[in-house]
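Two complexes come next, and they have one chain in common, subunit A, joined by subunit B in the first and subunit C in the second.
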Partner chain A sequence: MSMQGLSVAVDVVMCIDVTASMHPLIDMVKANARRFHGDLVDACEKNDRIVSRLRVRVIGFRDLAYNQEKPRDSTHPHNGDAVFEESPFFELPRQQGNLAAFLDRLDAAGGGDEPESGLEALALALRSDWTHEGERQRHVVVLWTDAPAHPIESRVAYRPAAYGDLPADLDELTEMWESGQGVTRLRGNARRLVLYAPPEEPWMGLVDQWYLAMHYPSTAGKGLADQDYGEILNGIAKTI
Partner chain B sequence: MTASAVRGYTLLRPFAVAGGGQCQWTFAKGTDGREYFIKQFLRPKYPVKGSPGSAAVKAQRKERCDRFEANHRDVISRLKGRTSAGGNLIAPIDFFLDGTTYYKVTERVVVNSMAIDEVAALEPHPLLSLMLSVVASLKILHGCQLVHGDLKPDNILLSQSSGGSGKITSKLIDFDDCFGAGTVATAREDMVGDPWYYSPELSDYIAGRGDGVVTCKSDIFALGLVFAEYATGQPPTFDRDQHRYPADAVAAGVPLALVTGRGALPPGLDDLLASMWQRAADQRPDTSQVEAELRQLRSGGPVRREPPRKVEPARIPTPGTLKIAKGLAAGGSDKAGPVGTTPEAVPAPGRLKIGKALKPSGDKSEGDGAPRTAPAPAPGRLKIGKGLKSGRDKSDGDGARGAEPTTTPAPAPGRLKIGKGLKPSTDGEAEAGKAADPSG
Partner chain C sequence: MTTADWPVVNVAVDIEKVRGQGEDSPPLSFFGPHQAVVAVFDGMGGAGNQPFEIDGRIHTGARWAARGLRSSLVEFLDAGERIEAASLGRLGGAFVHRLDRLDERAGRVRSRLRGSTRRLFPSTAALASVERTRRRRWRVTACWAGDSRVYLWTPQGVQPLTRDHVMDPGVVEERPFEDSPLSNAVSLDRPFALQLHEVELTRPFALIAASDGAYGYVRSPMHFEWMLRYSLARWPDASIWERRLGARIGRLAQDDATLVVLAVGFRDFRDLRRTMIADNRAFAATYIAGLRATGADAARFAERRAALWRRYSANYHALLPPVLENGRAHMCDPVEVLAAGPAGAARPAAAARPASGLGRWRQERRTGSTGSTGSTGSAGSTGSKGRR
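So, the complex of A and B:
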């Protein structure tokens, strides 16, 4: 079928705080993973948006320092390199089962006290292999957390080797967001940042300083149990 | 956002995302005690002391902000004196930078709701009067050499007087995508309008095709689509197997077809709409010609179609520097409607609920069943039987719903005809909140 219209290819990267306090969100996301594609497409239609292609990628994150400093336990999955758990992009609905399987492996545990390593997770999200397909794209980063984030520079020493090339500070992270192609595969105005985070730093600073960033407040210490799944979907749909 | 006030405007509720994630809006109370609509732009962000990023990035941000600000101020400047409170063209009344973020303020529009199928059920005279009201607003904009750029039912608020007159008021809103005729101020990847209402040349521009010249005639194409919905309750149809949007169909030489069934169209309206959907922008009528023809249709007299005026696109060298030649600008006030639709300022507090009902909807054929008038279709004029579900399918699916048209007389050259393999469909619900969003 020949379609000459403007197709919108959508990539969504979900950065999910998988520390212990996030149990409610993880359970909710897992429960809804299998219907995520259909629900998002429905929400998009209600918001007058047509998605021609949808891919979703998940990045679970904890706290670099906590994972490095706590006593090593070889039987515990969340030490050292497991501070970030990254999936590839899954094409939905075809790979919905893969997405659900990946989410099933995420366990909301560890992290210690606040803050967490949310900014590094954001950096990982920005350097995703964003789609350039279609005549229009949406590159959406959704970050769910119930905690503030450590300044990036305070955690450089704790980085596992695999993450040595992450930005050294907020300036460099901002460069990634602003510069787009050449630095990342983010394209022009396609990018959107949706933060479900407490109204604290650095999140409020990002919303104030970064363009196309929006914030939905979450309650610290309560996970995101109060954040309705439908509202989250609708929020994402409105960015598309 | 958690701010409770911005520059003296007290926010009445939290901002809500709109415009494809490019902005947020809410209502606010001004220092004068009046309520306003306030839009917060999520881009660009002005670099301030302490902003993160390199000097180069901050310089880029500042340049982008300067351009953005100049364009908005240019639009406001051109419209100054041509709009007024309670008028039919809801132009910005305030635009400012607060910290890193831009805001725009317009009057809060409170109108009764009027659904598309209610509009389509109007008798020919009030229907044509309503169309004239909309054209009058657009004429003011085009007189300033401004292209609206996002003309669609959501951006034309309609209300019907609850009094005995039943007069219908239209309010043209949302000038965020406005640009000087002959150019587009927004980078193509930044365009967020509804592609259903794109003209072929605007669609080409966004897709990186064509010469990138977009004139006021682009709005005329969109206006034809809006009028089709007003007249029939449904968007026009075309072969949805082959083309996703009207602009694609027209670009491929496939005419758009009107769906009727609730009653007869005002005679001659189909020809006017067909002329507004010409592939070549300069073959479309301008607002004055549309206005003149609508008046003729309303009076029931013969329609004398003037040849389309060729409009040389005005190149806008630098936003804010264009001097509009005497006589070029449309005169008059936006209150001076040519219709029986006297504007009513804020008629019914608390009764706001617009956009949802304004969206094109599915099967509107059940209606009152009583044709407004039922003249025999002119040779070549399309008439599609009651029960057809047609038009806009947002599902991206196969759209194989509804019935085939019952009659499709052979269209005359240049007339409307329905595409082979039409797969009509129903429409979904509109975005809630857009209803009350007079700025998009």
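So, the complex of A and C:
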């Protein structure tokens, strides 16, 4: 009798705060981002989960208002327009080099006041071209930041045209997550969210309200304890 | 005539993907004076992966919970309780008190993770009891929380007697090839529901209790039935069938997997085998060969599978219970159960708080949870029971 098991395709979108305040942490976060997919595959294998296809994309984010108001520095590779730096999905392990190169280009710069545009970055992540391949999918968003987020409505006026159709407020963003409003590729049963963020709003409220979200309350300047990191990976792996 | 006099075939599969860290409890077969009961418990590894140290051993809350609930059920049945509507409140109370005792003994391992899906000692539960009401009449009662299932298996096919408690109800009837997060499971920090479904049977049958690791990694419900049929046809006695079925499930499953079969009303294993596999050839020709012929063409496979599912699902869902709603299940709120006092004081179903709606389930409560072991009484552990 020939019976085949199920194939599971996993997409991971990593949203990384690349403002100046992240400077002391950015290398560690990038290192975490580099190892995350490999560690996830290891955790899956340890739990006998088979991932048939794995893709990763990265979204670096800053602050919409600061990036729009700040005079352009044409000598800087990430001038005022680069509030979001988005990569395509990289197929791993085949495009590991491309992922590493993209991560290397991310600099911790800009941002202005402490809250950043992390919620808009989440919206961009949810609108990704998520895989529908395989018989089951997992759509995982991981966000790293050391700051709270500006209310979405307070930054609508600063949006470049390319981002004009992002959600108008947190309610709309919540609808994107909870009911798939405005996102055609995100599958409700496949979604998972992991936040490495300080224990402040909006992150605390968001993780309480959004289904299938996990929050590691990060402390500025400190990384993840191995135990916490392992728990997060195992938690995701066991839902694959 | 007690259950000890029934001719039954009873086999069980218990697969731990990581030895010593499995989050399904060993499947249970219990033979009381009037009821035989089979059960599986699947600790929720995603929601309950926080580790706890209890009696010097560190395991996830999911593993502690599944084993705690199993022990709790054995104690419940040993005390002479039955699985029936009138006892659901006491069963839910017994679950809560067991988890609470675990929590009292637990030294919590530090974890700063939070999340809407985190649960304190979470586990599914699926159990089924069989009671002979007349000479050739049996009452089967399925009771469950979560997505572990009870199936009825007769020559007419495999039919679930439980409806998964999941966030996306579409995966139950329209899209059974997909999975969905759970909307209900037993835990110590949220109210939960125990749903009940009864059927009366007059012909021999097999009951199957299975965790999602056992049924969820085949490519369709038709493949699940074929796995049972094929393995039964191929192997000459129950102990070999048990081993081979376990090996097959183990190769496919990407999760811990438990499954227990209790066949009732057959003279012996040969009678069961002859009855259940009589139309294997036709089943394979209809549901399996056509899918195999699609080869590696994923689109053709999906299209063909959807067409066959439409044909198969009418009988498959003939005994499906209604959607979980208030009034159709026993709502169990750990806060109220613990406030009411020790396990013996747990109130019957009629005293359950009526206003406790599903919308309240996601409210937060901070507490701790369970212990385990307890009497095994006449319970079989993993593996097959002697009488075949």
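Here are some notes:
Definition applied: the second predicted complex is superposed on the first by the 195 of 240 C-alpha atoms of A that agree within 3 Å, B and C clash if a C-alpha of one lies under 4 Å from a C-alpha of the other, contacts with A are read in each partner's own complex, and residues count from 1 in each chain.
By definition in this document, contacts are C-beta pairs under 8 Å (C-beta built on N, C-alpha and C of every residue); 3 or more make two chains touch, one makes a residue touch a chain.
Owing to the predicted nature of the structure, the values given are computational and were not obtained by experimental measurement.
In the superposed three-chain model, the partner touching more residues of subunit A is B, compared with the other of subunit B and subunit C.
Applying the stated contact rule after C-alpha superposition, one finds that A:H215 touches each of subunit B and subunit C.
Judged by the touch definition given at the top, the superposed model places A:A125 against neither subunit B nor subunit C. In the overlay built on the shared chain, the residue A:A197 is in contact with neither subunit B nor subunit C. Look at A:V56: by the touch rule set out above, it reaches neither subunit B nor subunit C. Once the two complexes are laid over each other on the shared chain, residue contacts for A:E175 go to subunit B alone; subunit C is not touched. After overlaying the two complexes on the shared chain, residue contacts for A:V207 are found with subunit B and with subunit C alike.
Residues 1-6, 46-50, 135-136, 188-189, 207-215, 217, 235, 238-240 of subunit A lie at the contact with subunit B in one complex and at the contact with subunit C in the other.
Subunit C meets subunit A in the complex at residues 17-18, 45-46, 49-51, 109-118, 167-168, 171, 177-181, 217-219, 223, 226-227, 230, 248, 251-255, 292, 364.
Interface residues of subunit A, counted against subunit B in their complex, comprise 1-6, 41, 45-52, 135-136, 170-171, 173-175, 178-179, 187-190, 192, 194, 199, 204-205, 207-215, 217, 235, 238-240. Those residues of subunit B whose C-beta lies close enough to touch subunit A in the complex are 1-2, 17-18, 20-22, 24, 42-45, 51-54, 57, 60-61, 99-101, 187, 189-190, 194-195, 198, 203, 206-207, 241-245, 247-248, 251-252, 394-396, 428-431. Across the interface of their complex, subunit C is touched by residues 1-6, 8, 46-50, 135-136, 188-189, 207-217, 227-228, 231-232, 234-236, 238-240 of subunit A.
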